[in-house]
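Labels for the chains are A, B, C and D, by order of writing; each one numbers its residues from 1.
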Amino acid sequence: MRDFSYRGLKRAYGYDEVALVPGAITVNPDQTDIRLTIGERTLEIPFLASAMDGVVDPDFAIAMGKLGGLAVLNLEGVQTRYEDPASVLARVAEAAPAEATRLLQQAYAEPIKDRLVAERVQQIKAGGVSAAVSATPTTALHLGPIAAEAGVDFFVVQSTVTTARHVSSTYPLLSFTDLRKSLRIPLLVGNSVSYAAALELMETGIDALLVGVGPGAACTSRQVLGVGVPQVTATMDCAAAREHYFKSSGRYVAIITDGGMSTGGDICKSIASGADGVMLGSPFARANEAPGGGFHWGMATPHASLPRGTRIHVGIKGSLEQILMGPTSLTDGTQNLVGALRIGMGMLGARNIKEMQQVEMVIAPAIRTEGKSYQMAQGLG
Amino acid sequence: MRDFSYRGLKRAYGYDEVALVPGAITVNPDQTDIRLTIGERTLEIPFLASAMDGVVDPDFAIAMGKLGGLAVLNLEGVQTRYEDPASVLARVAEAAPAEATRLLQQAYAEPIKDRLVAERVQQIKAGGVSAAVSATPTTALHLGPIAAEAGVDFFVVQSTVTTARHVSSTYPLLSFTDLRKSLRIPLLVGNSVSYAAALELMETGIDALLVGVGPGAACTSRQVLGVGVPQVTATMDCAAAREHYFKSSGRYVAIITDGGMSTGGDICKSIASGADGVMLGSPFARANEAPGGGFHWGMATPHASLPRGTRIHVGIKGSLEQILMGPTSLTDGTQNLVGALRIGMGMLGARNIKEMQQVEMVIAPAIRTEGKSYQMAQGLG
Amino acid sequence: MRDFSYRGLKRAYGYDEVALVPGAITVNPDQTDIRLTIGERTLEIPFLASAMDGVVDPDFAIAMGKLGGLAVLNLEGVQTRYEDPASVLARVAEAAPAEATRLLQQAYAEPIKDRLVAERVQQIKAGGVSAAVSATPTTALHLGPIAAEAGVDFFVVQSTVTTARHVSSTYPLLSFTDLRKSLRIPLLVGNSVSYAAALELMETGIDALLVGVGPGAACTSRQVLGVGVPQVTATMDCAAAREHYFKSSGRYVAIITDGGMSTGGDICKSIASGADGVMLGSPFARANEAPGGGFHWGMATPHASLPRGTRIHVGIKGSLEQILMGPTSLTDGTQNLVGALRIGMGMLGARNIKEMQQVEMVIAPAIRTEGKSYQMAQGLG
Amino acid sequence: MRDFSYRGLKRAYGYDEVALVPGAITVNPDQTDIRLTIGERTLEIPFLASAMDGVVDPDFAIAMGKLGGLAVLNLEGVQTRYEDPASVLARVAEAAPAEATRLLQQAYAEPIKDRLVAERVQQIKAGGVSAAVSATPTTALHLGPIAAEAGVDFFVVQSTVTTARHVSSTYPLLSFTDLRKSLRIPLLVGNSVSYAAALELMETGIDALLVGVGPGAACTSRQVLGVGVPQVTATMDCAAAREHYFKSSGRYVAIITDGGMSTGGDICKSIASGADGVMLGSPFARANEAPGGGFHWGMATPHASLPRGTRIHVGIKGSLEQILMGPTSLTDGTQNLVGALRIGMGMLGARNIKEMQQVEMVIAPAIRTEGKSYQMAQGLG
């Protein structure tokens, strides 16, 4: 039994509470290696795009793949429910704020078509890039084989919290071991935030773990359910499980921090916390190529009694290339994310992702001060 | 003597400073058992409504009972002072802001009628549900037997801070042991926040302890008197006393966190801190069924020289059923509180309240960041 | 040499960061004893008014004395520079904001008259109450004997930081031991914030120590010089020195927390931190009786190169009696300060100041949450 | 390998999180010795002006030298690119906000002229003061000898993060040992923030280390890259390296905290953290003598893909003499910085910089409270 003592409470940290410390070596940014390996496949840049309908459609996935990253297509969203998802997305974008939630609920009432699952995978593959798709644990056994048959390269099973052990009397437990064996492609599973849960999932044979449950203090999960862990600590805990599992099994499972990041600084901190890659939603929803047209909403699993996934206006800020590779005229850290990662690694003396996972991190809260403009003007900061 | 050393200061935590961590198991929400046992009686849902005049009248108590919870009627409020309390409540609701405090003070100047005490209990019982009433320590010995005779099921003795030992030269010490024996129904006492005080109260033979004194930083007690403890720590400390008392006596005293909660997340955190149930005021004052008509005010014990209990406008937001059971279109966590508790328990792998008391909790302050909307938009959070 | 290590940094706490915890006993407020003894004299209430020109003149001192407290008249302010200080004060109160600083500097250019020092003491004594006056270390040797001769009851030597050892080539070190012996009345000295400095001052034979240097984060000392300690920690450290000194010498030196308090809660926390009494400026500047007419400014020692003591508008909020004894219609804790202290002591089970110094205090930061109004509306908080 | 454990995270502190504690001795401010020695040369006041084009030109450097400090001229800025830099600076100051960044980028496209490097040094020397100039690591080997030949007294090599070991395949490693030997004048290098990096740089033979990378939470480095350390901790860590190096080598390397300070309090805290001197940008950009005409921008090293150095309006607030020596009518701590340092040292009982490095510092966060005006009005704070 747990000790009901405040002394037992561990402190969890988020992006705004830590900072990275330059050490005794610096490296030229152009000499940094930032590749990410998942299973037997390697991406040129460690960036994944979230399986969200406002972010990823086949065209976006192709653009992302050509830039070296990987976009995950949501197999339970509008892309597999409609022949012409663009018109549905356009209606969502054009809806008045009061209408949006109802319209989204309607849109997801349409059934998923197996034929469209295969078609979307083929569309992405036709673009000459790797294809990745996602399903929830309840649909994975059905949709996985269809996507695999269509030639998909990565399969993602994702729900708010996914564990290797789920207690339910209404449906059988999904075996990730069996799923991985039957699909024969890299399997990414999430989300998870704790050492024990991460370790159990790795032991099922998955290739990558998505980390992140209620990462931000303002998250719906945090507010409505009280559930969530800030991403720095969640990533550190899951990375510690990966190290332990690697030592005992010799198999390296990639840790991909998913959600809560908005700037290059957040991405650098995720890697420094032990991640091998990052999965982003909002930052990519702002791309010209994003199908949401400047709008963005949560995973397409509307819960009957607990509403989630409100439509958010993020605006269109630039091309996906600008967001990833720059150049940018924005100084808020939301563009040139790959450049920021390389420059950060250079300042911190990390030649590759494994070295970046070893840089020193300190707790340094982002207290907003009135001296803000002075500090920025120093130019060195 | 206390050491005048800062090292001796214990850190106390509130809802906004902690978060709950999913572990290696998840559970289907519909398989969670959330019953609350007080003495020999069991409630279907662990929700109590505060003994406040703007929240509970006999009709509200019936509605609450039918939904599985328990509403406590204030025996020192307008319900027992007036034949027709509804007209008094209507005047309070209609009063101009500047008038409200004076009107409240006038309303509570009318004497309590013993006959109405019995009548209100019988009204609730006539609705086919359990009845619960509350009195302060100074009136409990008089009002308790009247309510018991009328068939009340639970008796609550409540003041801002209640201890088993009260030093006074003006009135005799109330013996909870004697009161419990004479009433022969479950006795709930509060409020308390510390291990020692909780233990002493449990040893008097009470059935449940209400936890909460000045829970919020903005509370009157905190500001005017400097007195109060954030609810996570208060609940943990009192729950630790319950565990200790249970081990030594074999008797289980329910811990009910009272006050300071406004969302499902806060409720999940109370249970995770060791509570067996929660008592809410404001969230229920927003129900159509609440007698305050969208208004809400403190306990009816106006202090001559230290004003408290200002009328607060909370608005009417939905039916009691919506607030407790959903469905809801609000995303702020203030409705579908039972659903939120079950879903939170599911994500955290807790099949019942005792397991929910064991889930991992971390310190994760709710620092408000500018990246708020990004995080919400991630949808996973 | 100090270790340049962050691990060596002690955490200091202010009022907004702590809260007081009710224990296993409660006491009726009317049975609390709050007297304060300084040297051989005892005050009925442990409240002193700061030696500030906007707060204390002879009439205010008489009103304060009649209510049981003690107001300190500034011997280096307008009262001893002008026959008719009221007209000077009126000009300050009526000045346009841009004019006020210049006007204050002019006002304090007029020399101090020894004759007026004696006259002001006699005016207060004529009101039938004890008289207290203050001087800075450089003028204390000259003004002290004049005031003593005129019959003053308490002498205060005060500067921003006062130590028993001051390094200067321009004037001789003031010996508090000699001053105390020559004046033969209780000597209060301040301000101090550290254990070592407090202990050395007590060893010189002083009767009370004023605690407080740059107590607030927004203080001029803190901002301009980086110097200061939040009052909870400062009081705890000086109280620890008092306990040590009392054990070794058998002589009890009163600790008086000076500055930084604005509510009854802050006052309760000062006593709980180990203070025997409190000295307040702003809260009394808001009294009808305060000579500043709703305005307030720092100690009358304008520094040639470092400006301080800007005029602040605090407004007139009620009579001194209301501020100290109530009744009040304000709910912000700024009135009925004596009532708040007694009620707080009652909830905390403290029958007297020494017991109040032993109550439990926890660290509980005042994080401002959006749920503020809910918590207040709970009424129990 | 690093332990992926939150327990390993060190807490870093900034100016707003600490305060200085007066001890048992006080000193008259006019008896404080605040001289700074760098190599074989000594400055009367430990203040350096940052090598920024909006802050330092030859005239400003002369004014600074006459007041006892040292201004560093940027050898890669407008002063060495243009015969008539004043007209370029005037255009920047007059540009519309939207134009400024583009104009700055254009201005720095003009090549550096070796002849102007020598001329600017001679201009400063002609004013009868010491001359200091700065270059980045890539230009230092070329520009250093030119400046040395022209008679410069101090040479500064500075980039955002500078280490003794830099990994690059495009240019050879700069040897500070060789540079120091060839120039034969004091060599200042920066910026650095960690013990290990500072120690390695000291071992190369440098005379002073500039401390500061991303000092403020709002810094571009912190936001865009996540890189940076608050200055109190950065200074403490580098000062610890200095002490270690001094013990082992007998050579004392001056620590100069660079950036993030805006008030006298911040400067006092830097010295108390172990600095021997401070380097300021914005505070001096506000001087009448600053060439930026009330504007200020970052180091002249525009990065192709990551924009930095936005033009900031700081305004003109007074003469350099007022900013350093007072008198001042401002109460925000941004003027009379030398006076503030001396007065702070006096209150803290420090007779010289080495004693100031030993004063007690506590952690005392600057939580903004509503009681702000009260505390300020106390006048003692």
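In this section, a residue touches a chain if its C-beta (ideal position, glycine included) is under 8 Å from a C-beta of that chain, and two chains touch if they have at least 3 such contacts.
Just so we're clear, the structure is a prediction, and the values are computed from it rather than from any experiment.
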{"item": "Interface numbering overlap (same over half, different under half) for subunit A and subunit D", "value": "different"}
{"item": "Most remote chain, CA-based centroid, reference being subunit B", "value": "D"}
{"item": "Between subunit C and subunit A, distance of the C-alpha-averaged centres to the nearest whole Å", "value": "56"}
{"item": "Distance between chain centroids, defined by C-alpha means - subunit A, subunit B (Å)", "value": "40"}
{"item": "Residues of subunit D touching at least two other chains", "value": "10-13, 16, 233, 263, 365-366"}
{"item": "Partner subunit C, residues of subunit D touching it in the complex", "value": "10-13, 15-16, 18-28, 30-31, 232-233, 236-237, 239-240, 243, 263-269, 272-274, 325-333, 336, 339-340, 343-344, 347-349, 351, 357-358, 360-369, 371-381"}
{"item": "Contact set on subunit B toward subunit C in their complex", "value": "1-6, 9-14, 16-17, 50, 52, 101, 160-170, 191-194, 196-197, 199-200, 212-230, 233, 258-260, 262-263, 281-283, 285, 296-299, 303-310, 312, 314, 365-366"}
